[in-house]
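The two complexes that follow have subunit A in common; it is paired with subunit B in the first and with subunit C in the second.
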Partner chain A sequence: MFQDRFDRLLFAGLLLTVAVLAGLLITAPIDASHVSGRVMDRQLEQEMSYQARIAFLTRRYQPVIVQLGQGALPEALLTLEEISRDLPGEVHSDLLRGDVFFRMGQLDRALTNLAVAVRQNPDYVDSASPLNQRQLIDAVVSQGMPQLRDRLRAQPGNRSLEQVLKDGYYLQSRLAGGCE
Partner chain B sequence: MPTRFTLIAILVSLFVIMGVTGCDKTVSGPVVRIGYMNCNSAAETLQRFKPLTAYLSEQLGRPCEAVPVDTQDFEEQFAAGAFDFGHFNSLLYIILKENQDVQLLATEKRGQFGSSTAGAIIVRRDSSIQSLADLRGKRMIYGPQLAPTGYLAQYNLMLDAGIDPERDLDYYAIPRGSFKHEKVIYGVYFGAFDAAAAPVLDLEIMTREGKISANDFRVLAQSEIIPYCTFGAAKNVDEELAVKFRQALLELGPDTTVTIDGEQVKVLKAAWIDGFEQREDRDYDLIRKMARRANMPPYQEF
Partner chain C sequence: MSPNWTDRHFWLVVLAGSALGVLGVLLAVWGNPQNSGICVSCFVENSAGAIGLHDNQRMQYLRPELIGFVIGSAVCAVLFREFRSRGGSAPLPRLISGAFLIVGSAVFIGCPIKLFLRFTAGDLSAIAGILGLVVGVWVGLQGLSHGVDLGRSRDENPGSGLMVPALFLLFLVFLFARPAFILFSERGGAAQHAPALISLVVGLVLGALAQRTRFCITGSVRDGLLMGGRSPLIWGLGAFVLGAVVANLTTGQFQLGLYGQPGAHTEHIWSFLGMLLVGWLSVLIGGCPFRQLVKAGEGDVDAGLAVVGMLLGGGIVQSWGMAATAAGVSLPGKTAVLSGLVFILGISLLFRDRVRA
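The block that comes next holds the complex of A and B.
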């Protein structure tokens, strides 16, 4: 195994190095503050990104909010269409569309749009969230569902109405919350 | 005399042929003619509805033929039995229901309002016109007369506001040719007219396509929401066939395809349709009310 003294020296050196490394690993203190710092960083990043998203939504959808306040509902829908072109897939458009349709008395369209919004972003039914829209969703569900059930009784088997009813039940369930 | 072996061979061949041809839905029987109301041109209508017609042919098991029809000629052709089924706007539906006893099958869904839509009266954002009352003595542009949300709805909005478009406007025009609704909107945009009767769906589509901006116009008034384009069946169409036709429309999804000239084509996308919904005849009562008030067909009196 060892040809000469040099081999023995080399082997002893290797053993010593491994022993020292093992010793260092065993005795090294765990830097808990570093780990928790990383977690804190991540939480901070998430919080900042969330706040930035809310600030962005508030700014980007401000014209729609103004139009809603003025009762300019057709214009609000057109502005939403324009925003959707720039931000396809942004469900805040669906939420506000639901609001416009509710104000127009188009309850089934309101239910459909709100269900899309809540499915993609449950914050809309979270009372602790700045995006909370429980009051609106509750109003649409409580006014829309009895009307829908009546229509479905008159038209059993109407699949479009059945789908809207399912959306309504989904919103009802989200408003009720999970098992506690 | 054929031998037993020959007979067995023929029998086996027949079974094989039946098996192979049975893989596709067979299309046979008399041709089903479907009249489609032209939006812009006959060529465009045929191109839009060719895949839908092919799909219906597959589903009904009958050869189907698409027939493009001018809105003004629709009732006459329908009455003459030129087609078994028709696709038309909601005003034509109430005319055909009243005069030809057409059967309501399904209503087309398109845009934010689904199977409903509305008409709006618009002015430029910087216009001095602030209300319908300000339209007196102004120049206005309407869509074609048989357009429920390009003419009828706005005509009613004005009557409701105490303005008679025939007497109180300085002048009103209806554009010619194709893309009338776009021309109406551009008519106001470029300042040729003070106000326009714009279908809400066209405003929505033009905004989505970036042709106009939501800030370009002010909506002076918007009509009540009424049903959109509709499929109906002639009264003499076999009930079973009509039910199958409706079922086929309601089952259409965004991913339903047919083969056209060797290519897989999405049926709804080609036809600019989001889907179909089953509605009731009473949903069209609002249009009946509007047509009566505006003295338009099918209630027109001279």
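The block that comes next holds the complex of A and C.
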């Protein structure tokens, strides 16, 4: 391997560089500001924006949560309509609408709304997320699906019921876990 | 049509198959996502995210199993004097093939190992994928028999074969040192994982076994189509299925059904086409994603390039929204699978030795 002076020179250079690299890594301060600041900033930004979003959702939808607690379900739906006008595309409205319809016993509409919410934001079925709503979704699926199958048996070929069934299967699959 | 029952290699293959099946199920019990105890394509997507190749915050984790496969294979190859640097056979087509292996797997939601793990857990939607894989392997074999060949590899400088094992050794350091630039999900599928040390040991054992036996799923299907029951690999696949079914039943993870299965969709045509692409590519480049990792570990630079392509593919499928979910297959995913088929058809035309055929 080391046949001439140039080989030995290369090897010495290699050893020296490895030693310097090791020294750099061992003696480097563990202070986060010295470690790839841009990456840290990005991670911090992502975490902050996630936490800010949760805080925003909690504050913005607080009236709906209060109305749900009081059992004022039609009022909660109206409030959700108002919020949806301000925040079109925000699927937290769909999630809470699913909750309202579940409490009203309208399981088809609950399933449809929850499926819309979970498709856009899988955090709702993630037990590690502060937005986790597995309990609600599980309750809707376990009560709604048997009813839905019975109705489909009575009305075979009903397109809208078939679509709701698909939504139910989707939610079942998400609740079952697996890769995303 | 029966194998040589007294052959030691035959029993080693059976051991490798059953270990892959059983440990694949157990890793899900120990914390990996349901039915994804081992899924090379999912793990590649996770690892690509961890090194910053995509920004899906739910899919970032440097999976120790992948590191184990490569290093286990490398150590075993060195111990048994089978480590040999070789390469130079159509490098760029192999790199792109690696990316398309991940595309096909992502559209099905799982590599060939996960395909059978899903099936053995009672997921009937995997049947479309199995059919696709078998057809893909069969079409690939037709190509080979008609002269489609990426060319012979030749011995290379020993340093070349060390590159990919060295890269995964670096990943191992990153996994435990956790430098700031390596990303780890706190939510989503990537946050679900077995303890890192257990995953690593399982990876090392399976990597070593796969290196000794050459066991892989598409290789088993290929040999089964070519040699029937005389091939040890098809018995290895049988042992995998049996081991996984028993493990799923005993751990309560078996749930028979077509709908509501974990990490699965019901767009069967796209499951079929995704796995067809994977099967066909695997025959062309000599192994499924798992086998590429194992071959890269034993010094195969061509497989190493496929592995690099897989990492790039893992980044691309997440960044461009190609990966399927339980909701179904997206338009970019469908487009990517068809593009993969265009690619392999083109490669088959361009790399065909018509004189030999």
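Assume the second predicted complex is superposed on the first by the 143 of 180 C-alpha atoms of A that agree within 3 Å, B and C clash if a C-alpha of one lies under 4 Å from a C-alpha of the other, contacts with A are read in each partner's own complex, and residues count from 1 in each chain.
FYI, a residue touches a chain if its C-beta (ideal position, glycine included) is under 8 Å from a C-beta of that chain, and two chains touch if they have at least 3 such contacts.
Nothing here was measured: the structure is a model prediction, and the numbers come from that model.
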Once chain A of both complexes is superposed, is A:R134 in touch with subunit B (first), subunit C (second), both, or neither?
neither
Once the structures are superposed on A, label A:G177 by its partner contacts, choosing first (subunit B), second (subunit C), both or neither.
second
Does subunit B (first) or subunit C (second) touch A:R97, or do both, or does neither?
first
Have a look at where A:R53 lands relative to subunit B and subunit C in the superposition and call it first, second, both or neither.
neither
Answer with first, second, both or neither: which of subunit B and subunit C does A:A72 touch in the superposed model?
first
Quick check: in the complex, which residue numbers of subunit A touch subunit C?
32, 35-36, 39-40, 43, 46, 50, 119, 122-123, 126, 128-129, 168-170, 172-180
With touch defined as at the start, can you tell me which subunit C residues reach subunit A in the complex?
33-36, 39, 42, 52, 57-59, 109-110, 114, 179-181, 183, 186-189, 191-192, 255, 259-266, 323, 325-327
Using the touch rule from the top, collect the residues of subunit A that touch subunit B in their complex.
72-75, 77-79, 81-82, 84-85, 97, 104, 106, 108-109, 112, 154-155, 157-160
Where on subunit B is subunit A touching in the complex?
109, 112-116, 118, 120, 200, 203-204, 207-208, 210, 213-215, 217-219, 222, 225, 250, 275, 277-278, 280
